[in-house]
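Look for chain A in each of the two complexes below; its partner is chain B in the first and chain C in the second.
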Partner chain A sequence: MDLVQHVLNGLLQGFIFAIIGLGFSMVWGILNIINLAHAAFIMLAAYLTYFLWAGPGVDPFVALPLVMAALFVLGYVIQSRIINLVMRASVLTTFLLTFGMEALLVNVALRLFTADNRQTKPSYANVSLALGDLHLPYTQLGAVVVALVVTCLLYLFLDRTRTGSSIRAVGQNKVAASLIGIDLGRTYALTFAISAALAGAAGTLLSTTSGFSPPSFGIFNILAFSVVVLGGLGSIPGALAGGLVFGLVSEFAGTYALQEREVVVFAVLVLVLVLRPTGLLGREGYR
Partner chain B sequence: MTNLVVLLGCLVLASLAASARARADVRRGAGAALLALLLIAPLLSDTTSILFDALTAMCIAYGWNVIGGYTGYASFGNVAYLGLGAFVAAGFMSRQPGHLALPWFVAIPLAVGIVSVVALAVGLAVLRLRGHYFSIATLGVAIAMPELINWDFAFGPDGVVPNFFGGGRPLNFPLVPDAQLGGLALGADRYLFYYLGLLTAVVGFSATLLLSRSKLGYALVAIRENEDAAEALGINTTAMKSLAYVLSAALAALGGAVVGYKLTNMTTEADALFSITNNLQMIVITLIGGPGSIWGPAIGAFILFAIQEGLRSVSNSSLFLEWQAAVFSLLIIVVVLFLPRGLMEFLRGRERFTWRRLLRNLTANRV
Partner chain C sequence: MFGSNGSRRSGWVAALVAATVIGACGGGAGAPGAAGSASPSAAGSVAFSGTILFGAPISLTGSTAKEGGLTRDGYDLWKETTNANGGITVGGKHYVVDTKYYDDESNAQKAATLADKLIKEDKVNFLLGPYGTASTLQVSTVAEKNKIPMVEANGAAESIFSQGYQYTFGVLSPAKNYMKGLIEMAVAQTPKPTTVAILTADDPFSVEVADAARALAQQNGLNVVYYQKYPNNATELRAPLTETKARNPDLFLNSGHLAESLAIMQQAKELGLSPKGFGFSVGPSIPDFQTTLKADANYVAGGSQWTADLKYNGNDLFKTPANYNAVYLKRFGYEPAYQSAESTAAGVAYQKAIEAAGSLDPTAVRNALAKLDFISFYGQIKFDDRGINIYKPMVVEQWQNGKKVTIWPPDVANAKPQWPAPPWSSR
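Let's turn to the complex of A and B:
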């Protein structure tokens, strides 16, 4: 029974990892940028949710759309005002730029919010749905629902709308896309903004499921990268699968192997990179 | 105040030595004068702490310059080798039972050698990866290394090398007594550590100078410009990148070991050695000076520490330390946007420094 509980815990956690990977994967696949500030966006969202709850007492699941909207705007501004300036420079440039943003956001947060451990704890935070011997925390279940809804909406947006098609077109061929009249700068900004909004959703969910402080988010860049590599770049089902696998890995590593999940996550990443660099479900294009 | 003057003097001399517009004999003279100024610096100033910091940081930045500048591979994990170098050197030099108590001139080169072997092993795994994949893997190295040092299986009481990194007890470098020379007390901080720091900077500079004129250096630049073309020309890119990675780690370990030696207590300073500030510092220095150049890290280090010394003298130093990492990261953003080739851009070519030039850099790679 213990084993089943661990599997469940890992899967529940995995849905949050999946939306982290999804946002990261969009920016990587379409803009060809590894956004090292992704973890900092998650951190900002977690603190925003926490302060909305601790101050005016807004329920985290009510705050979720507000946080996502705030992060969407932030992402749009950062891409259209700053990163768009270096889109034709080498990969090293965007790497260093987002690395600088990440370090700036985390260190400013560390000064403003201190390194105290915080957690958003609404009244139902420590209550679980009991199924026999199994316990499913309500916040975790809510996270799964949110993750599934967000993923479906993203899929429909990319697949069915004109704007979504233009994003996919830019991902496939930038030159051709701009030739048929797609505004590259605007599309980049929109993609980055959606990715930031997804990070926002993940941050809100994470702030309810575990305690956090600014440095505790650093691991999520590597995690997001691993999820994407594992699932394959440019694949929504891949990101979902990668997230679930990493949820399980991290749960079992935390329980049986080491107290330090980081090393295990890293070891799995190296294994995946060496054995299967295209990912489990990797294909061309963005689906 | 003296230190600020010395740092600015070094900056002027280094810029002159690097300038393409100066005559060859002027450049050589400026280089010699720079070395002379650094050699007599402890006689001019009664505390050489900030100069020591600048010189060791320069050595570490020269290390980052090899992989990040010449090869064009952003490594975010060099801080791991910096810390590891300090810990391994301490493990050899500690006078605690179970340690070898080697003298520094044996222990530090040995530590650099061991870190190089570790870096080679890591490099062979991560350097099969290109661009994005490589950089993320190095980010993992930075996170994993502090955990590795506390790994019971290898370094615990019953580990493979029992208690090499202290194993629960504090790990210390031996204290250095002040030397006596004809009745004159020579403070260890002021003299011994300063000259050790100078030595690391000279090693970093010389290694880069040799590299830039060697076949390896040209191969690395070729990889940076176009890895597929380099491979097509018959360059063994994996081997070359591995060598660059090892050299980069070795310089980080050298600087780290000397920094650790001065800090003395590894157990309490572990967080400081593996800190994000150290990681940012080597990148900032290289970027400000000019990545992929011989004088870039030297110029970057003199500027960064002159700014720090200036700020420290006008503001309260604890406030400064708290915001240091934030300032470094902001500097990275600003330099990447406005000065992607560093200050060397204005020293190496015909370009003169103008504000318009900075704005042109900002918009050069717009969508």
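Let's turn to the complex of A and C:
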């Protein structure tokens, strides 16, 4: 029974990890930006969800699309007004730029919101569906639904729509894409905005499962990075698989070698990179 | 689905750089903001003849930002209250107290560097402690090397005081006492617990607390069914909590920090882990514990260095715990946690020692600190040969219906322990 509970713990966590990884993967794969502000976007979304709940009493799952929309706009503005200015520079430039944004956002949040711990706590927060001795937290079950819906929608959008195709085209070859008339700046901004919206979904979900303060989100950059490496850069199913595998590895490392959890998790990461440099589901090309 | 171009290889290189930078910076790159201002005399007729500057690196950002903030507020209240009452008197002259803080970003190495800067560049007269054992341990070395005293209030591990250093003093009770009251309280209840599970963060302070708790639990006839260390600051603890649940302990103890105490309560509820009692070394005494967990904080107990319910009659500016509580609440708008009270007590100890020494000479003040023995609003302040205050007892607090009460020891308690905690399914 414990074993089943461990598997469930790992998988349920994994779906939230997948959402975090998905946004990170998109921006990295298409824009070649390692967005170190991703965790700060998650943080902003968590606070937005919290204030919508603590003030007007908006349920976090109702707030979810609103928060995603807000983060979408923020992401669009940041990419089109700031990052687009340095898109031609080396990857290290955007790396440092987003690192600076992360520091700025976290410290502004610390000033505005203080280091007080908060949690969006509707009546069902931390409450589980009990199946005999097995416990499935409702918010995490909600996260599974959100992760699956968002992943499917994103897949269809990129695969079936004209705008989606242009995003993929930019990911494959920027020069060729601009030659056939794709507006690069606008496509960059749109991609970054979608990624920020995904961070928004993750932030809303996380704000109900755990207590948070501005510094507590830093861990999610490393996590997103690991999920993408595990699953494979530039692959939507890869981000999903990466999240789930990361969740499971982390849970079982935590069960049998808790003190060495980080060692085990990152050893698995290195192993995957050695045996399969493109990650579990990553492929040269796309999809 | 997206992204495939020649720059993938360089992407990985950058990614490795990324991982290194993220790891090195811990995600929080706060500019070391110096705070602190020389407030002009507020004491009416008293004319100050000089300034005594106290410096401290404090974790104002990073994983212990909350605790660091409580520490700073404690120091500030001491500074403001002292200055409003004529400052510190040395040889008949009044000196105004000033403080200078740097943010160590919850990074012990950084705390040591900043302590060095405080001594060498800012020329502080004396050091106040940072937050946490790891940082305090590092700064104690800097204090010793420069022969500048440090009175600290937030590093309780005895490893700080076993180095043979002469210049570091801790006003708080040592780590091994943190769980003592909790265990004694638990075994005095009916139904009496027989088994205990202990989860501890893997840092020097928490491990000292947990090891002492394990020994004490065994002495009290409890069977330790699970003892597990987890990486410092880990807040994903469903795996060890699932293991804990499988062993069905009567008492669950955690030695760690605020963030983990919150995560443990949230995840224990999700997993249906329902021992008869939850006890924490750090967490329940901080207001955030209740404001975050709301009703789920009820029945949870924590070891505490100090509470406003204690009945000390101190020979200092604050006099009683109740008065300290009132002054603090008026100044900051929230009730003090013990982290703030002990920080204020560090300042109070300095004031007594400097006035006794009649000098600002660091060695003279150090010698006066070693001889201190007085009752303050925080309890007795007296240091043993190693520099730690083994003379002040600790208490146990519990959240009951949204209120924090003192439940142990019985002679200072203002409420009876609520035991056993009802299982989550029937709350």
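The working rule: the second predicted complex is superposed on the first by the 259 of 287 C-alpha atoms of A that agree within 3 Å, B and C clash if a C-alpha of one lies under 4 Å from a C-alpha of the other, contacts with A are read in each partner's own complex, and residues count from 1 in each chain.
Quick note on the criterion: contacts are C-beta pairs under 8 Å (C-beta built on N, C-alpha and C of every residue); 3 or more make two chains touch, one makes a residue touch a chain.
Quantities reported herein were computed from a predicted structural model and do not represent experimental measurements.
Look at chain A after the overlay: chain B and chain C clash there.
When the shared chain is aligned, chain B and chain C each come close enough to touch A:F99. Residue contacts after overlaying the shared chain place A:N107 against chain B and chain C alike. With both structures placed on the common chain, the touch criterion links A:A89 to chain B but leaves chain C unconnected. Applying the stated contact rule after C-alpha superposition, one finds that A:W28 touches each of chain B and chain C. In the superposition on chain A, A:R168 contacts chain C only, with no contact to chain B.
Ranked by how many residues of chain A each touches, chain B and chain C are led by C.
In the superposition on chain A, A:L184 contacts chain B only, with no contact to chain C.
In the superposition on chain A, contact is made by A:F225 with both chain B and chain C. After superposing the two complexes on chain A, the stretch of chain C that clashes with chain B is 132-140, out of 60-68, 78-86 or 132-140. When the two complexes are laid over each other on chain A, chain A has residues 28, 34, 36, 91-92, 95, 99, 102-103, 106-107, 218-219, 221-222, 225, 229, 262 in contact with both chain B and chain C. For chain A in complex with chain C, the residues that touch the partner chain are 1-2, 5-6, 9, 13, 26, 28-30, 32, 34, 36, 39, 91-92, 95, 99, 102-103, 106-107, 110, 114-119, 121, 125-128, 130, 133, 135, 137, 140, 155, 158-159, 167-168, 171-174, 209-211, 213-219, 221-222, 225, 229, 233-236, 250-255, 258-259, 261-262, 284-287.
Contact residues of chain A toward chain B in the complex are 28, 34, 36, 82, 84-93, 95-97, 99-104, 106-108, 111, 184-185, 188, 218-219, 221-222, 225, 229, 260, 262-263, 266, 269-270, 273-274, 277.
Those residues of chain C that touch chain A in the shared complex are 1-5, 7-8, 10-11, 14-15, 17-19, 21-23, 26-31, 60-63, 65-66, 68-69, 106, 202, 228-231, 234-240, 242-243, 245-246, 258-259, 262-263, 266-267, 269-272, 288, 291-294, 296, 425. Remark: chain B residues 68, 72-74, 76, 125-126, 128-129, 131-133, 135-137, 139-140, 143-144, 147-148, 276, 280, 283, 287, 322-323, 325-326, 328-333, 336-337, 340, 362-367 touch chain A in the complex.
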